[in-house]
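Take a look at the structures below.
Common to both upcoming complexes is subunit A, partnered first by subunit B, then by subunit C.
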Partner chain A sequence: MPREQMPEFSSSVKLKYVKLGFQYLVDHFLSLLLIPIMAIIAIELLRMGPEEILNVWKSLHFDLVYLLCSCFFVIFISSVYFISKPRTVYLVDYCCYKPPVSCRVPFATFMEHSRLILNDKPKSVEFQMRILERSGLGEETCLPPAIHYIPPTPTMDEARSEAQMVIFTAMDDLFKKTDLMPKDIDILIVNCSLFSPTPSLSAMVINKYKLRSNIKSFNLSGMGCSAGLISVDLARDLLQVHPNSNAIIVSTEIITPNYYKGNERAMLLPNCLFRMGSAAILMSNHRSDRWRAKYKLSHLVRTHRGADDKSYYCVYEQEDKDGNIGINLSKDLMAIAGPLVLPASEQLLFLLSLIGRKIFNPKWKPYIPDFKLAFEHFCIHAGGRAVIDELQKNLQLSGEHVEASRMTLHRFGNTSSSSLWYELSYIESKGRMRRGDRVWQIAFGSGFKCNSAVWKCNRTIKTPKDGPWSDCIDRYPVFIPEVVKL
Partner chain B sequence: MGQSQEKGQGQGSIYNMKLSTVGATRPTETGTTHEPTGLDLAMKLHYLKAAYIYTPEMARDLSVTHVKEAMFKLFDQIAWTTGRLWRRDSGRPYIKCNDCGARFVEGECNFTVEEWLSKPDRSVDEFLVYHQPVGPELPFSPLIYVQMTRFKCRGLALALSWANIMGDSFSLLYAFNLWAKVLSGDKINALETSTMDRRFPKTNPTVKDPKSIKQVDPVGDLWITPNNKKMARYCFNLTVADQISPHFPTNGDDQIPVFEILAGIIWKSIAKVREAPEPLTVTIIRKDPNDLKPIRSIRNSQMISSVHVDFPVAEASVEELVRCMERATDERCGIDEMEERCDGSLDYIVYGAKLTFVDLSEVDLYEARVMGKSPESVYCNVEGIGEEGLVVVYAAAKSDERVVTMTLPQEEMDWVKSEFGKCGLING
Partner chain C sequence: MGISRQNRVEVKSMLTAISSKPSRSGQVHTFSALDNAVTPHTVHVIFYYPRSPFKSFDLDSVRIPLSELLSMYPPVIGRVNKTQEGILEVKCNDAGLRVLKAKVSVGIDEWLRSADGHEESDLTAWEDMPEDPSTWSPFRMQINEFEGGGVAIGLSCPHMHADATTLTVLLKSWTEAQRRQCITQPPSFFPMPYNLTDTDAVNSDRDSFSKPIAGPVSTKTATATFRFSGSAFTRCINEHSIHEISPKATPFDVFAALFWTRVALVKDKSDRVCLCVDFRRLLSNPLPYGFFGNALNFSSLEMANVVEVAIGHVARLLNEHVSSLNVEKIRSGLKRARSQEKMYGKDLTIVNMEHMIVEGEPLMYQAVFEEGVKPMHVSYRIGNDGGEGVIMVIPSPEKGFGRTVSVTLPEEEMSKLLSDQEILRLEPEVILKGVK
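Right, the complex of A and B next:
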């Protein structure tokens, strides 16, 4: 058996180098072509001497009009090129919220509270325990203060105070990190799926930081876990239209008002998985940011499967038979998520064709293009263990590629739209982010949506001293057993 | 267990109670356990209580979040106390260190601190200490309950109810002092409780039949002391100079053994009231005099000793009783061995097995400073007492005063109080 595997292995290694070589060739085609040409010209010029050069110049018979027309033509073409070229959108920096340690919820505490709250429904308690055991969450995930009470006290006030706590802390950190003045924010996008008070969360932010009155603010709600990338897409479109602007995106999910108090099983699931978290991101199109920005946005693709009924109902907020409102996560979710990311999907092929023309010929292996050569890092939304497992299988990713997602799920739980940023922060904290690396962020959301963003790292990122992973990165990666014994 | 933890149900004048949980900030390694010794198991039916009251000047700005975060930092040092009890196959209980947490109770009180402290019988402080026994389900019973009560004037009461299986009163008061330090922003470092530290000196010969311990009927998984009599509580202050010294002849400026004298007076008074059986044997629980190190860990290190007299106590002089108390025999080894022999399968009580006197006067209770100020008042007691009764003596805010908390059968309490009145311990 090993002998058969050896030739396969060595041939796959050869294949890998061929691919890499091809990739390099295509990427740097222009420069590879230009260098020898310039070298030849330079040698010729040196050989000829100054008088000969002048003679060659005179013999070209340059008419003044001819000269002027050619100049204008060149200028015209370059102007059109520069104007129609999309502005580079930079991700200057981002901050993830780290909950206070007093919000920590170990498994044993969660289960004990569950028994006390659902004391006459032992089957529901059993169900929650089984979910928790297999969830892939760790012992350090956090819930907001209101949910720590027996029974929880999810009032509007508490929800607002959770929103203030998570959003303002992340934004304060971002301002400090980037030296941004609140009055310089031109675009503000806040996305929070399940909490939509009046005045909105974006109004809350504007009020707190006294932002400009002509700010373009947006509040996206009801768009699920993929809303983070939807916000990035919106910011990108706005930054194409408005020159020299800063955009702040705040991605979060407010847990307090959405704690399900009934005992319908499918609706108890989110209680076990969703945890507190948020991220604040600064994007801009200032030319001056090209030195300090961490990433450049390469591509962003959005797919919506809402037209298909099964897809539409797989994550559904509803009232159970007792009138308690919660979110129903259907078992069909994984069946639907799978095909979406298989390359058979036309959306991903579109994305690939953009990249594929530049990188490699996508028909080496049977119908699954090798994403591992296209991207150095992957951030898969930490929606749950099943989601990550499924994607790892379908994209044929190694353990290291999905490490960021698994460890984020373990340390922070499912923080919804902000999880992609915690994962990115993990990769940076591990010191793996180098200049030129490409990151693929994939997010799923209710509806059913699948959104992808590709970022290119602008500068090698030093291991951050602060940030959500700073006190625990040395303990990671950890081995997460299939079933945790509670 | 669910009913008594419903939101809103108050204890007496405490209302609007909300329950949550506090624990440690860092996860404990899976599989960590804490094994109680024989002596720990002997104390399992008892629960230690302490309540500290702070005035509005000290505590007005102290929010629930501050208190909880300080608790988290405290439990980082003693994370095993946030675990839960499980049983081995042999039935012997052990603590599974699963970070489950201590129960945190918030309440409000309609009185101001002044009004509360003006009540003469300080046992009203029992309302400030939330208590539930361990059981009926061991793995879901917290070992520690913390109550934070907000008075009408914004003053604060902080109280702990603590299962004695983990550690003695000295450990509890030490833990509370650590918490107060954390609140003021100091860094703390508690020692690990290794099995080595929890041994105590073997006396020679080991007491084979310790008198200070009594076997009770099996309690199963609900750890409540079975009692046939209804018990009552009474708590009062007294001054050493006025009420204790007169009972003892002083030889010049020698230090008088305040605790022993007080214990002797009380013993006599109770002996006069209680005719059968006469309390010829008492248990004395105090800090181990051989333990020169200051308390640095959570464990049962208290010395449990027994005093037996052959003469009728009611007629004896206080001096004689004091002299007998100085010859008390340390029974800890005997107790430990008895529990080890049955591997924790039999249930015993120590407090109240015989009339018990607890000396906490060496502990500086007022070191638990918040905003640099000591508490206005501290209350200590023990829950789950046997029928013979318990007397706890500890320091008051003023150094020349003592506080006495008594738990006696209801039928005896009034008689004993009148005896106290006769010998001048209480006024009127």
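Right, the complex of A and C next:
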């Protein structure tokens, strides 16, 4: 038996080396090409000696016009290049909101409130308990004050008060951290999916901080959990158009008005998973920020597959016939997110496999690119335990890659669009973020959208002393059991 | 009564206050024999403040210290559970403390002047443990806001869980946490010393835990509170020449003797009383003030023809009885307690709270949220008492010999007591007696 395994092993080892060699070749193609050429020229020059070089120079018959034209040409080309180059967009810094301890929701309290409010619908209570047991949430997630009442009091006033609490605290922290004056903000984008009062949340921010009257403000609502990256995309586009500007993005989800008080099962699900949280992000295109900015935005891809029915079910939460909840992630997902962000070698392989499938045999398995080569860190939206599990399986990621997502889900719950920032903060708090590291943030939005952002770390980040993880990072990572006994 | 009593206290909302840190999983708090003995009763403490430290309870700075304090008291935020063998225990699962918010339609001074015992009971939650206590919060806090400022914070729990001292220390610790000070009486959950616990500690056939003792109290009771100053004490001593008979008589002895004799006058039989004394500091290895649970000794006292006896003799009897309490007597008191149905009120019960005076200062009046705003009054009430009456001698806000005596009696007896000349001669300030 071992002898048969040996050849298999050695052939797989050989394949691995072949693949490695191939990757190295393609990734470093340009340098592999240029270095020999430059070496040859250098050798030639050395061989020729200084007098011969002077002769060659004189024979080129330079005159003034020719010289000037060449200079102009060079200057012209470089100007065109610099003007058309997209402005680098920096993420200067960001702050995540940490709720006060009095908003904590232990499992026992959640279930007790559920029993007291739904006392004539034991099946719904059972349903909530099963969800909570398997959710991957911990005992320290927080709900807004209005939800601690029996029965909850989701009034407009309470919702506004929650919005003020989460948004203003995060923004105050951000101003302190970045020494930013409110009057210097040029662009303001607030995204909150389910709460959209009049005047809007962005107007509320402008009023509180007395921002400039010519500020460009936007309020995005109804765009789900991936709205955070949509806001980043919008900020990037605006920063291309406006030179020397900065943009503040506030990503949040206001829980108060959406706490479902009925007993329709599918609608009770968000109660179990959504929790309070927000993040405030400062982005800019000032050249002076390139020293202090934490990250540079490399890529941002937005995909909206609402038109395609199959994609509608791409990320879909459904209950099977046994009543077990599962997220259905189809393999087509890879086709959406993958190609642009990969290194050249992976792109080539992906392209070949695509061509092969289209021309030769559609039954070929689609090539799953090795994303671990492209990125050092992953931030997968902590939408639920099932989402993270599926994505980890499909992208073939290790436990450490998805640790940030799982631990954010455990400590803060599903904070919707701001969860990506809590995850990023986790990685920084663990001291893992080095200069040059690339981070892939993936956000899903209810089966229609998948948005990806790739950031490149601009400077090695010291473990922050404040921030949402500062008092508990030493306890993490924790082991999260499959089912918590309630 | 001509005036129809309109409910002046309106409960507006109910929420659950949580601890700041998750407790160790699987923690369980068991009940002692004494805890089981006082089961039928509930205990209530009400702190009256002239100025409310709360603005909006939700986002207030008082919420976070409360959460931090609750982390130190896992049994307060746990839930009662019945084990396989039918024994009750508290599962420390962090479910939380129920907090009710209420509004009172009058000002605090008007309230103290005109409210009676029944109305005062609206200021705290009075509930017996239901059949299924898994979603029932045993400890309840009610925050009552008066017109024009002023607040009454009521804390209640089944007597099985804790006694009045525990509740007082709990609230005092909250104020200390609020003022960012060291907690002077941190909670202690160590079980009672071995020499005090019975071998068969838990009575498992006490299945009447869920309902109050059958047979409702046939007469309606009334409560009144008499506040005596230090000079009243001196007057009493002089008028009755107490120090000649009992030179070591303490304020408790004097006022308890006074009320025993006067209540005996309005009743027909009162030769026997039940004396309730806290024994935390009476043990050779004293229990800390933060001891969580019940540490009360109930013992019987008799004096023939107490109506005609001079107060001095009664005071001496009380004094000797209290000072002779030792471990043996406490132990036999515990044994006897198991066989009784109700501890308070079966006979006229006198409650001694002298232990609450620590270094001359009364503990409950040190529960200060804001500097300079002391409680103006603290009330203690016992629920489901036996009906014969309860007399509580409580320290006064000022240091010294003054005492506040809270009396609960059947209605007719109370109305007679309120016009008793011996008592009125000492010029007490009578509050919370209602308006006729």
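Keep this in mind: the second predicted complex is superposed on the first by the 365 of 486 C-alpha atoms of A that agree within 3 Å, B and C clash if a C-alpha of one lies under 4 Å from a C-alpha of the other, contacts with A are read in each partner's own complex, and residues count from 1 in each chain.
Just so we're on the same page, a contact is a pair of C-beta atoms (placed from the backbone, for glycine too) under 8 Å apart; a residue touches a chain by one contact, two chains touch by 3 or more.
These numbers come from a predicted model, not from an experiment.
Superposition of the two structures on subunit A shows subunit C clashing with subunit B. In the superposed model, A:S161 makes contact with subunit C only, not with subunit B. Judged by the touch definition given at the top, the superposed model places A:Y260 against neither subunit B nor subunit C. Once the two complexes are laid over each other on the shared chain, residue contacts for A:F175 go to neither subunit B nor subunit C.
Contacts of A:Y149 after superposition: both subunit B and subunit C are touched. In the superposition on chain A, A:Y476 makes contact with neither subunit B nor subunit C.
When the two structures are aligned on the shared chain, A:R104 is found in touch with subunit B and with subunit C. Residues 100-102, 104, 106, 108-109, 112-113, 115-116, 139-140, 145, 148-150, 153 of subunit A contact both subunit B in one complex and subunit C in the other. Those residues of subunit C that touch subunit A in the complex are listed here as 13-22, 58-59, 63-64, 66-68, 79, 93-96, 134-135. Of all residues in subunit B, only 1-2, 5, 7, 18-23, 25, 27, 30, 65, 68-69, 72, 84, 98-101, 140 touch subunit A in the complex they form.
On subunit A, the positions that touch subunit C within their shared complex are 100-106, 108-109, 112-113, 115-116, 139-140, 145-146, 148-150, 153, 161, 165. Touching subunit B in their complex are the following residues of subunit A: 100-102, 104, 106-109, 112-113, 115-116, 119, 138-140, 145, 148-151, 153, 485.
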